[in-house]
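The following blocks contain the structures, represented as structure tokens.
The two complexes that follow have chain A in common; it is paired with chain B in the first and with chain C in the second.
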Partner chain A sequence: MSTGQNQDLTIFKDNSLLSDAILSSESSLLSTITYVQGTSPQWLINSLIENALQGTAALVNNDLNQKIRNRSEVEFVSFLHPLDYYVKNCKKNGLDLTHSPGFTFIDYFSQLFTENIKDTTSSKKEISKMFDDITKKLKISNNKKKVVFIELPEVLLQATDFTSDGLLAEILKVNRLCRQLFIISAKDHIKSFNLDSSIPQDPVFKTTDFLVKLFHRSHYNISLSPLSTGRASDITGSLTISKGSLPVDSVVDRLVINEKEYIYHITKDSNIRLFFR
Partner chain B sequence: MSFRKRGDVIGGTPISGRNPGSPTAPGSNPGGPGRAPGIHGGRQIPNARVQTPQGSIQGQTAEDNANSIMKNPGVRPSLITSQPTVSTGSSDLDKLLLHQGLPLGHSLLIEESGTTDFAVVLLRAYASQGVLHNRVVKDQINAHVIAVGVSPQWANDLPGLYKGSSKEQKKAKILANESKVSVSNLSGTSTAPRSENDMKIAWRYGINGGNRRSESPEAYENSTYEHYNNQFDITQKLTPGPNSSDISFVSVGSGLNGLSHIQIIQQIQSIIQRQIKNNPGIVIRIVIPGLLNPTTYSPLACSPTFIFPFVHALRSILRQNGNNVVLVASLSLDLYPRDSNLAHTLETLIDSCIHLQPFNQEMSQLIEKAYKNEPSKIQQGLVNIIKLPVLSEKGLMMVHEGEYAFKNGRKRFEIEAWGIPVEDTEKEEGHSTMEGGKTSKNIEF
Partner chain C sequence: MSNQNSTVLLTRLLSLKENSPFLLVLDSLSQSSHYLIREFPHRCSSNNKILYLSYETANKVPFASEFLDCTTVSSQQIASFVKQHSNSTIATGSSTIAPSKTLVIIDSLNYIPNNEITQFLTSIIQPSIAILGTFHTNIPQPQSALLNYPSALTIFSFIASSIFEVEAIHEQFIDEESLENRVNRLDLPVNAGLNSNKFKLTLTNRRKSGRSVIYKFTIDSENHVYEQYKASKEEEIDPEDESLLKGLTTFNLTTNSKQKLAREQVELPYLEAQEAMGASGGAIVYEYEKDDDYDEEDPYEDPF
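Showing the complex of A and B:
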């Protein structure tokens, strides 16, 4: 693979990652980024943050090289990492998130189960309050070009008595207040995503129910998985961009999803190479 | 006139007064904890840090904290990311993690299939390593171990330093005795040749040490970070055992009255805060042997509303104290299989994960047969890598299954590349000709 030609990552047929058409529209798109063990999408998240904030995507698309000041506002809600982690990782993309006015981080990691949710067996009120805080922060700014990321929200389903429908309802409230919402979830088959599970209190059932309903509500989905043929030293995994259940062109005119499958390779110094499959 | 036994040391200190934890023996790392206080080459260890006044600690920034941790003799920069890294107590596991240890602020989960408990060997070495770092310089606390969910008796079985083979130990003992001023030594024909002889031995050993250092890069590394890791002997106990400044125990409650995850986290947090307040450059090693083992944990602890918030909060503690705290835990896969949601969620929340997979009986027999003349080569199981610190989170594919094997010996827990052993049956049959006949001697053509 090392001799093959690198490809630029695009999500839409207008050769963009986050299209201007979405940011300038009045509609709200919902997308999922799912991954399994060994194919963490951190590099993709960093590139999407970079593209949302300044229009470039230095590591995955060479054509997107024109910086646009304050392209959109990014609100990042994480249940898995503190702010430092994203600040450190985005440096490779040429971003300084600590001094970026368009970037807001909501830390639901550091004190999630010590302050935010004290009673995991009766957590509905506390979780609703957390999502209310997210919507309040989104309403503060008048800028309508907002992109929101929520990383690992299913931890709420795994660790508390909160239901999948309740979480979905809260997420859709957030979605209405932004142009694009990305839900980042781990989707390991059988372990956390099993369509045969049937006990409503089982975290596997709740996670599966949440993801399946999310896929039915999404406009496009990005999935990262390892090679089905086994481990390779020069390939990390494959990335698939597919249409969701809701058509994008029904909410944003003439915007078409570039349905493609890529294989990609990440080196230890975080350089990314993508190839068509 | 009084008589002394021939071997008695004249004017020597009584044996009971000797520090058992400070042997100078072959096999242990040069200048390891066995060194006498005050004698330490290589890196300078500032004593002032231990006695830092509280006021100045409060005023320290995170950056100062990061700088002070690099002065800790148990810390070195990661080979990949340059983050401060500590040894797991097993040099092979350190290499497997690619950072030459576990980066501070990160966690490792050791999963194990079957009814064996090899994981506890690694966990005890990890804890022992922390205790030994406190013995580098007398009265200097460099590390603290927090053992969660085990009784204080658990610490009684921490492994001691590897002192070399029995032959090497005997030689060292003889040398030590000869170097002392005793009646038998003094009664020699001439004192000058004896002392000359001692010097020769010392010189020879010194030269050997010097040669070794210049020969292998590993030895050079050891000289740079000489106290970083030690070799442990699982048949020896750590003596003297750890005291309250070395190790703390956090109970998880027992029976049906288990503590809530918040109570356990608060206990851990208070110990960490106290230790860091006393010494900002300290390394705190959290060890959780047999996570969710029914013998220790309440049955309700397996509930997702306990274990996931507990592990999530531990992850949060690690990130908040990213320059001081590391965590290693073990999980039995017989109780919680890898296919289960519990193991999967733990793997998501933990930074690195390895899976010890002991061989089944058939495989063990095959290996024993193949290596019947070389029993030291017999491996006991596979080590699968599921996740590696930092790299897996960056998106690198770090899953390696069936590529490494382990063998647990007295000297160390070895991890090496795995290859299926080949059974050499032809050797036993002797030389056979094309026609099927046998020859007893080599034929020259």
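Showing the complex of A and C:
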């Protein structure tokens, strides 16, 4: 595989990752980035942040090499990592997030159960307040070109009494305020996702309900999974870009998803090599 | 009903000309109801008003006269919204007219709690209203707190006057079982014909008499063409088709016409006996032969 031709990662048929057509539209798109243990989407998220902020994607697409100042505003909400983690990781992409005016980070990881949610058995009010803070920050600037990432929101379902419908309603509010919303979620089968679960209080049921409903409102889905055939030393996993339940061209004219399956390899020096499958 | 009549029925349902107060659409992750729902405003006339009740739609839909975000309001507010807007007039150019029929589209019925379904539907239903709701069948069904209480899907299917079930017409190279397995793990395959604007529709229409009729269609929502669904060739394998046996081994597994004729002429054993004696209504007929030694006194001797 190492002799194969490296491919550029594109999401849309106009050879873009985050298309200009989306950013300049009046519509709001929703996409999912789902992964299982062993295939962390970190490299992809970094590239998407880079592409949203300055139009490039140095590690995954050589054609996107024109820097555009303040291409869009990025608000990143993480339930899994603090800001330092992203600052450090995005350095390889040539980004300095601490001095990036369009980048806002909301850390819902460091003090989630000490400050943000004090009582997990009655968390509705506190979680609504957390999402209100997200929407307030989105309303500060008049720039309509906004991209929002929410990483691992299902933590709220697994650790508190909050319902999946409640979380989806909060996410819908955020989605309406931005052009593109990415929900980054884990979908480990049985452990966190199981369609046969039926007990409403069960965290697996809540997560499954949340993810399937999320897929029903998404415009495109990005999925990362290990090779189904087993482990290989020169392949980390496969990445699939597939159509969502809602067609993209129903909200953004003539924009078409480039449905593709790639296999990728993250080398020891954190370079990403992509190949068509 | 002929092919043409079934398409007429579908078109009448889509244009709200057929009396059907609750139209239920069943969709899944492999084929969403998006394209089918768009066929309704395409077929409806300007006299029809469309109210959109949204539980999961982020962008306002262009065809809806009114749009309500149901995530922030109570069911009473939804009922009064429907009541208020279904009776209001429609502005057409310089004049205003009363709507002939109002279509209430509910983007997803999955958000209505199981025990509030009937209450919710009865609060919005009126003679001048047709409700069109989508139910996502992939979503896991929660166990009811009440023992033996039916699932939401059962209740909706029971109430519905017409059921539209959409399915993807997936590519031939994909095995149906592995596709289902992948979709159930949220691992949607690419270029497999999923969520396409051409899909298969199974329509169950319930008449007033209670009799339901089922038709299958292929819908091309891009050109708004509806055709009766024809099963793919794979499903119509003729068991007598000997071409399937060719190329399997070096042995000749087929039969020629002469061999077929000979096979048909073979007389199977006891066939003649069945004709002669089996004619007496299924009774067991025993015919004594000359060497039979029959003793009337011996009970074990009696063959019956």
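One rule holds for everything that comes next: the second predicted complex is superposed on the first by the 277 of 277 C-alpha atoms of A that agree within 3 Å, B and C clash if a C-alpha of one lies under 4 Å from a C-alpha of the other, contacts with A are read in each partner's own complex, and residues count from 1 in each chain.
Quick note on the criterion: a contact is a pair of C-beta atoms (placed from the backbone, for glycine too) under 8 Å apart; a residue touches a chain by one contact, two chains touch by 3 or more.
The structure displayed is predicted, hence computed values, not measured ones.
Model built by superposing both complexes on chain A: chain B and chain C fit together without a clash. Angle at chain A between chain B and chain C, computed from CA centres in the superposed arrangement: 120 degrees, to the nearest 10. In the superposition on chain A, A:Pro226 makes contact with chain B only, while chain C stays out of contact range.
In the superposition on chain A, A:Thr160 contacts chain B only, with no contact to chain C. In the superposition on chain A, A:Leu172 makes contact with chain C only, while chain B stays out of contact range. When both complexes are overlaid on chain A, the residue A:Ile117 reaches chain B alone and has no touch with chain C. For the pair chain B and chain C, the model built by superposing on chain A gives 15 Å as the shortest CA-CA distance. When the two complexes are laid over each other on chain A, chain A has no residue in contact with both chain B and chain C. Note for the complex: chain B touches chain A at residues 80, 261-262, 265, 304-306, 308-310, 312-313, 315-316, 319-320, 322, 338-341, 343-345, 347-349, 386-387, 391-401. Looking at the complex, you find that chain A touches chain B at residues 37-44, 80-82, 84-85, 89, 109-114, 117-118, 120-121, 152, 155, 158-161, 186, 188, 190-192, 202-204, 207, 226, 231, 235-237, 266, 268, 270. For chain A in complex with chain C, the touching residues are 27-28, 30, 34, 165, 168-169, 172, 175-176, 187, 189, 193, 195-200, 205, 208-209, 211-213, 215-217, 221, 223, 225, 240-247, 250-251, 259-261. Chain C meets chain A in the complex at residues 27, 29, 32, 34-35, 56-59, 69, 71-72, 108, 110-111, 136, 138-143, 184-191, 194-195, 197.
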